[in-house]
Every structure is written in structure tokens, then in C-alpha cells.
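For reference, chains read A, B and C in written order, and residue numbers begin at 1 within each chain.
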Amino acid sequence: MTGRRPSPGSLALITGALVVLGLIVVLPLIMVFHEAFRLGAGAYIAALKEPDAWAAMHLTMLVAAIAVPLNAVFGLAAAWAIAKFEFRGRSLLITLIDLPFSISPVVSGLVWVLLFGANGWFGPLLQDLGIRVIFNITGVVLATVLVTLPFVARELIPLMEQQGADEETAAITLGAGPWTTFFRVTLPNVKWGLLYGVLLCNARAMGEFGAVSVVSGHIRGLTNTLPLHVEILYNEYDFVGAFAVATVLAGLALVTLGLKSALEWRHAGELAASRRH
Amino acid sequence: MSRALSLAVAAKARKPWRKDSVLPGFPLALGITLTWLSLIFLLPLSALLLRPWELGLSGFWTVVTDPRVIAALRISFGAAALAATINAGLGLLIAWVLSRYAFPGRRFVDALVDLPFALPTAVAGIALTAIYAPNGPLGAPLAELGIRIAYTPLGILLALIFVGLPFVVRTVQPVLEDLDREVEEAARTLGATPRQTAWRVVLPALAPALLTGVGLAFARAAGEYGSVIFIAGNMPLRSEIAPLLIVIKLEQFDYAGAAAVGLAMLALSFTGLLLLNSLQGALARRGRA
Amino acid sequence: MSLVIENVAKTFGDHAALDGVSLEARQGEFLALLGPSGSGKTTLLRVLAGLERPDQGTVRFGGEDLLTMDARARRIGMVFQHYALFRHMSVAQNIAFGLEVRPASTRPSRTQISARVESLLALVQLEGLGGRYPAQLSGGQRQRVALARALAIEPRMLLLDEPFGALDAKVRRDLRGWLRRIHDETGLTTIFVTHDQEEALDLADRVAILRNGRLEQVDTPQRIYEAPASAFVFDFVGEGVQLPGDVADGMLIVEGWRTPAPADAAPGPVMMSFRGVDTDLLPPHAEGLPARKISVLQRGGSSRATCEVGGRTLVLEVPQSLAGLGFEVRVAPRTYLLHPR
């Protein structure tokens, strides 16, 4: 990657790239913090201490705590099947797993309403049973799970393919059983890749807006996640409140980026090849 | 005899659907994968594929040819295509700078590229709006020049550039890093100028990855909601995006109509990706020839 | 305990990797499976290890049917071509793995395991390197760790897949003698796969030569070299020349040269095989195969000539008296083999 000393021409390119990144990426981030502290630290803290903001924070963490482990197990299972075995339909399966990424978040919310909403396929049945899915935490969890479905799998599949099945085969000739092989050979080899996938999965789970917005019903203190709470406050012209809550999410994004970069630098060899830069 | 023969032929023709392996756990792993994928993705997706037809073919047609729907689809997909094209250039520039030059803070800048992935879209949306609103730090001077960004289609474009930028950088950068330096040096020794080397040697090698990145940025931008709705102004026929129309139809409990718009979006997305894919296929064939 | 392989066949798609292979190995024997790539030698090794299930045939070891046993249960040590070391474990952890994964009832105690690891480290001459990780070792060291790991489970048989394949020429030679010593010390039935004829002939008690999934010959290195069973084996195990000819009326005719045929030679088209070391260089008017001298290399007291015979290249010794010979020469093999063509 490294190389020549910047010449005047390359200096212009570097400056250009930094200006683009500054305007498009960095400026919005600065703006979040600037707006949040516009009325001083007191107003900022007051906005964060508000009970609805706390409830939103709790719900966001709860949803991520459910969705992320489920998709981590899914990702491990999918990567094990796809990377360690050869079977027909393998590439179709990879395509299917990647597909939720190309679908609008709003559509990822919509499909759950079509199933479980008042006019949904299973809507009347659920109503008779007295179960609410849409405009409820369940719906928020389902939408989040769908949106974050590919994250762990798509990190682990290339990594496990790269590593091949040699070490597992060796473990078996040495007498190791299936679970021993998985927990003592496979899992340690992919732990950083798994962490990487979980990290990105978690960031998206906590920050998802479109899909969750469709299913949640925006019930304050009940089905409002942090991003939805930002929207409500903003639409109520409580800009300091909206940006104050937004700083929490921006902080989460920065922590995620920091951890992600640390993983890329320190454990490059143990991530999928495309992550090493 | 003939029966035995035909059995033998059948046995030969029937390839096993999976290759033998000593590794354990295939049925369990595939079972978990397929079950989860079906419950979380395929079942809900089937609702999207089937429900629009409750309106009948003509009813479906009426919904998706409604001028407001057409305008929204045009805005979402047109702005997404434009944003992806702009991102091809910007992403290429950033990937080039990050992989070819050493400068202080390069790693920090590299990490920042992923911020649009990590920053929740709603946060990006309100921040971009605050910057480009007529009283914002950039919006105010631009307004004096007569340029309005927030609450116009330009705002939509800006938000879509924001969300799509990392896709191009992150698909091009590894290829650029792996690109054999000797090929460039060979071009130079053959008398090519740096510009010729870039256009005729490097860019063709990057083209497949660039197209992949553009495709990802396009798909993401076409369906984008959170970062757009704050800055768009959401004027029907002018700055209303397709996902917002789905939300509006759902609020009116028009499930079939919402599903129809969703299905139309899905179809347009895949058409776009298919086009990019075949372009990529053509490039790959040329590369082999 | 001897190994008896009978009529084993294995097909991948429509490619027959093994096509009815029968082979025996005595207790304590060091057997090489030699063949070009795609000959089925690695497949046969993987069948023995339980990593591949044959379509037909039986494999018995000490009277026990191996094919009904899981790879896990066979207690056969396998050294993989690229070693397959666990990259996240230290050398000592790698070696201990096979003991630590045993069920608690048969697992040795912690101290027993570490004692065993220490003695294996000593056996493979890696004392003091137990704490290193595979990435910190040289290729030859990794190879030895892989061997120690396979030996740790006290295997009943040892399998090695191209054990020196990934090493450079000098390391290969050093490890060769060392592996033979390890084999003699442990007394294990050992089977190794190689495509390097020199390695197989140097190291093994017997060599089994495979071609397209079939056994061409199983014999001692000496017999393989001196009495190859087919033109293929001759070609594979040493440098030499094969020329088409005919046997008729008790005479062998090759490239216009007529010489009395061996008494047992059947009339018809044949392939004559001979090596440079068994061949004399003669003046142009002598009886022999017409040849052209291409180059001469002076080395110490003798010189070696490279000649072209019937379009093939042959390297042979040139006696001092004939060093001055010109371009056109004759060559005559003192001994040669005939195989039907």
C-alpha cells in the first residue's frame, strides 16, 4: 500500500480526496455534536435524562441483544455448511443470504406488516389469540433481524472458505468429536472474524430506522428505538433533544469504527482477505 | 440384463447432490440455515410477491402507473443511479489516494470512510438537513448564490451520495492494493505516461470491482429512507421517494397498494443489478479473450 | 498387524481415482505410494485414513475391517501435505490435542500429557520450541510438528501425504534420513505418498507404483529399478530412453540396428528401454544405434556426453579413450528391457 513521496500532482489528489471526505462524511458528524450543544451542556444533559430517551435506549439495547446473537448463530451455521462442504445449490444459498442487503429497509418492514398487520395474512388469527406483533416489540425485533441477517454470515463465509477444512480434518484423525472440533479448532480460528461480523451487525441493529419505523407504530416509551426517538423529537422541533439523542448513536458509530479498525490492523490475517487494508 | 444396465446407467447419471466429507454437522448447519432463512426472509418475501395481486392485474397496474407512484419511483431510482455514478468517481479518487499514497493520518482517514455504514441513517439525515437548510452553515451561503439543496431533489442526491460512498471505496480499494505494481511499471517502461497508465492499464483492471461497488451503492440508495426523508421536503411528484410512499400507503391500511409499490421497487432494483451484472460479464469475457 | 487392501475402487464424478487396487503391507513396513499427480495415490491414502469412503473393496488391518470404522476411531496417524497445523495453538498444544480430546475415562493426566509432549518434542528434535506458534516455524519444523502430533495418539499406522512436498531440496534430503530413523525407532507400519521417484526408492522398503488408479508394480526399490514391470514404470523411476522396435526371426530391430533378441522375447512390435548408465558410447562405424553427440561435460577424471538417440536424449559416460570422437557416434545398451508395444 505505501510508497512514493507525494508529488505535486498526487498532493492535489490527496487534497481532493480529503475535501470530499470532509464535506460528505466528517461535516455531518461535527454538525451532530455542534447542534446538540447549541444551548450548552445543561440542555444537552437534560435532553438525555428525559425518561422517553431512556426507554428508547433500553429498547434499542434489548432489540440488539435479541437480534445479534440469533444472527450470529445463523451466520456460524450458514458459514459452516457453505464453506466446509460442497453441495448443489450452494451459490444460490449465498445469493439468498446476501439479498436482504439489496432490499429497501422500508420493504423489510413492510413484509412483516403484510404477514402480521391488521390486514395481514396472519393478522386476524393473531388478533383472535390476543397477540400483537406489529406496533409491538416483537415486530421491531423481527424487522431488525431481517435487516441484519447477512452481516455475520457474509463475514464468516469467505473467511472459512479461505481457511479450508484441513485443520478440522486433522482434528478428526486425531480423535476429536464434532463439537470438540468446532469449539477447539474452528471457532478459535474465526473468532476475530466473528467479532467483526457481530460488531457490524450490532451497529446496524441499533441504528436501523426504515424497517423499524414501519412496524413500530412510534409508541413513545414503548416501541420507540433511539433512531425513531430522534425522528419524533426532530419533527416536534425539539432540535437540541433530537441531536442530543443523535450524539449517542453517533458515539456508537464511532466506537464501532474504532473497534473495527483495531480488528483490521491487529488481526488482519484472521479476517476475510477483503477486510485487510 | 437390460434392467440391470439401465439401473447402472441411472446410477451413473445421478450425481450426488453433495460431495462426501468426513466433517460432521452438515445436516444440522444446513437445517439451521434454511429454517432461519425461510422464517426470516423467504416467508415474508413471499407475502410481498403475492399480496399485490389481490388487486388483480389491472388493479396492480393502476397502482404502479399512478403518476405519484411513477414520480416517486423515478426520483428514487433516478437519484440513486446519478448518486452511484458520482460515487464511482469520488470512490475511485478516495480508494486511489488511500492505497497509493502515504500521508500522515492515512489510517484515520481510511477508518472514516466507513462512517456512512456505521452512522444510523436518521442521524445522517438530520445532520445533512441542518448543514444544508437555508439557515445552515453551508445552506446559507449557497442560498445567497441562489442554490437550494435542502428540501429539493438536490438534497436527496446529496443524502444518497453520503450513504453510497463507502461501497465503491471498499470494493475498489482491495483490488487496487492487490494490483500488480509490475504491470504499471511495465507500462511506464513501454513509454506510457502516468495518465495513459491510469486510463489504459489500471482502470480496466479495476472495472469489475468498480461496477460491483456501483451496483451496491445503487441498490442501497434506491431503497434508502432514513437519511433522505428529513432533507427531501417530501413534496408529492417532486421530492417524494418511493419508500415514503409505502409508509404513506401503510398508514392508510392500503396493504396491497404498499406491497405493489414494494414489488415494483424490488423489480427495478434487480433489473438495475442485472444490467450491471451483464456489463460485468461482458467485461470479464473481454478480459479473458 | 498387517494391512490388507482388496479391490478398492473410488470414483469422483466420472473420473475413476482408484480402479480396483489390491495391496498388502506387513507390520512395520515402510511403503511408498508413487505415481504422477492424478494417479490415485492420495485418494488411496485418504481411504486408509477414513477421510474418503471407497465405492467398493475392503481394507483390513490386523484382521479388523477398517471401513466400518470412523476416521476418529481408527487411531491412524496422518501427516497432511500442508501439515494442517492448528494455527491458533502453540506447538505443544498442537501435539497434545489428540490426547486432550479423548473422553475423560481414557484421557491421560495433565502431567502424563505434558511428559508425552516433551518426549515427542525430543524425538522430532524440537526441544524448547513447544511455546512457539506454527507461523513462527520454518517449513521443516512445521513438518516435524505435524509428525509429532500424529505420533502423539500412539497410532497403529502412520500415513504421510507428500511429506516433503512443500520443502526445498536441501531440507528434503535432511528430513528423509531422519524420517527413516523415526520409522525404525517406532516400528510403525508407515505409508507415504510421493511423486518423487528418488525419494520413494531411497526411503521405502517397498514401492507401489500407481497409474490412473491402478497398481502398475509393487516391489522393492531395487527390483523396481532393475526390473520395471512396464514401460511406464521404467520411464517413471529413472532417466532412460525408450525406442519402438520389432522382434522378428529371433532378431531385435530398432532404428535400423539389428541385434539378436533375448530368447524369451515374443515376436511383434516392442518398446526397448535402457538407461544411460548401462550404455556404451562407440565409434561411428561400430555396431549400435545411430546417435548424435550434442555436448560433453568434463567432470574430474571422466566426462559425460549428452546424445540424441532416435529423437530422445540420453546422458552417458564417455571413457577417456573415446573423448575425441566426432559428432556422429553409435551407442549400444549392455542391458535393456523389452515390453510389448
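Here is the rule we go by: contacts are C-beta pairs under 8 Å (C-beta built on N, C-alpha and C of every residue); 3 or more make two chains touch, one makes a residue touch a chain.
Since the structure is predicted, the reported quantities are computational estimates derived from the model, not experimental observations.
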Label-sorted list of chains bordering both subunit A and subunit C is B
Comparison of B-C and A-B by number of C-beta pairs in contact, larger one | A-B
Averaging only over C-alpha atoms, locate the centres of subunit A and subunit C and give their separation in whole Å.
-> 54
Where the CA atoms of subunit B average out and where those of subunit C average out, how many Å apart are those spots?
-> 54
Subunit A and subunit B, separation of their C-alpha mean positions in angstrom = 17
Identify all positions of subunit C at which a residue touches two or more other chains, and write them in rising order.
-> 50-51, 71
Return the residues of subunit B touching two or more other chains; collapse runs of consecutive numbers into ranges.
-> 22
Please list all residues of subunit A that touch 2 or more other chains.
-> 169, 172, 177
Complex interface listing, subunit C residues touching subunit B = 13-14, 50-53, 71
Any idea which subunit B residues touch subunit A in the complex?
-> 17-19, 21-26, 28-30, 32-33, 36-37, 40-45, 47-48, 51, 90, 93-94, 96-103, 107, 109-124, 126-128, 130-131, 137-138, 161-162, 165, 170, 173-174, 177, 194, 216, 219-220, 222-226, 230, 242-244, 246-247, 250, 253, 255, 258-259, 262, 265-266, 269-270, 273
Residues of subunit A defined as touching subunit B within the complex | 1-6, 9-10, 13-14, 16-18, 20-21, 24-29, 31-32, 35, 70, 73-74, 77-78, 80-82, 84-89, 93, 96-97, 99-107, 110-115, 117-121, 142, 145-146, 149, 165, 168-169, 172, 177-178, 181-182, 200, 203, 206-210, 213-214, 226-228, 230-231, 234, 239, 242-243, 246, 249-250, 252-254, 256-258, 260-261, 265, 273-274, 276-277
Given the complex with subunit C, which residues does subunit B contribute to the contact?
-> 12, 15, 20, 22
Given the complex, residues on subunit A that touch subunit C span 166-167, 169-177, 180, 184-185, 188-189
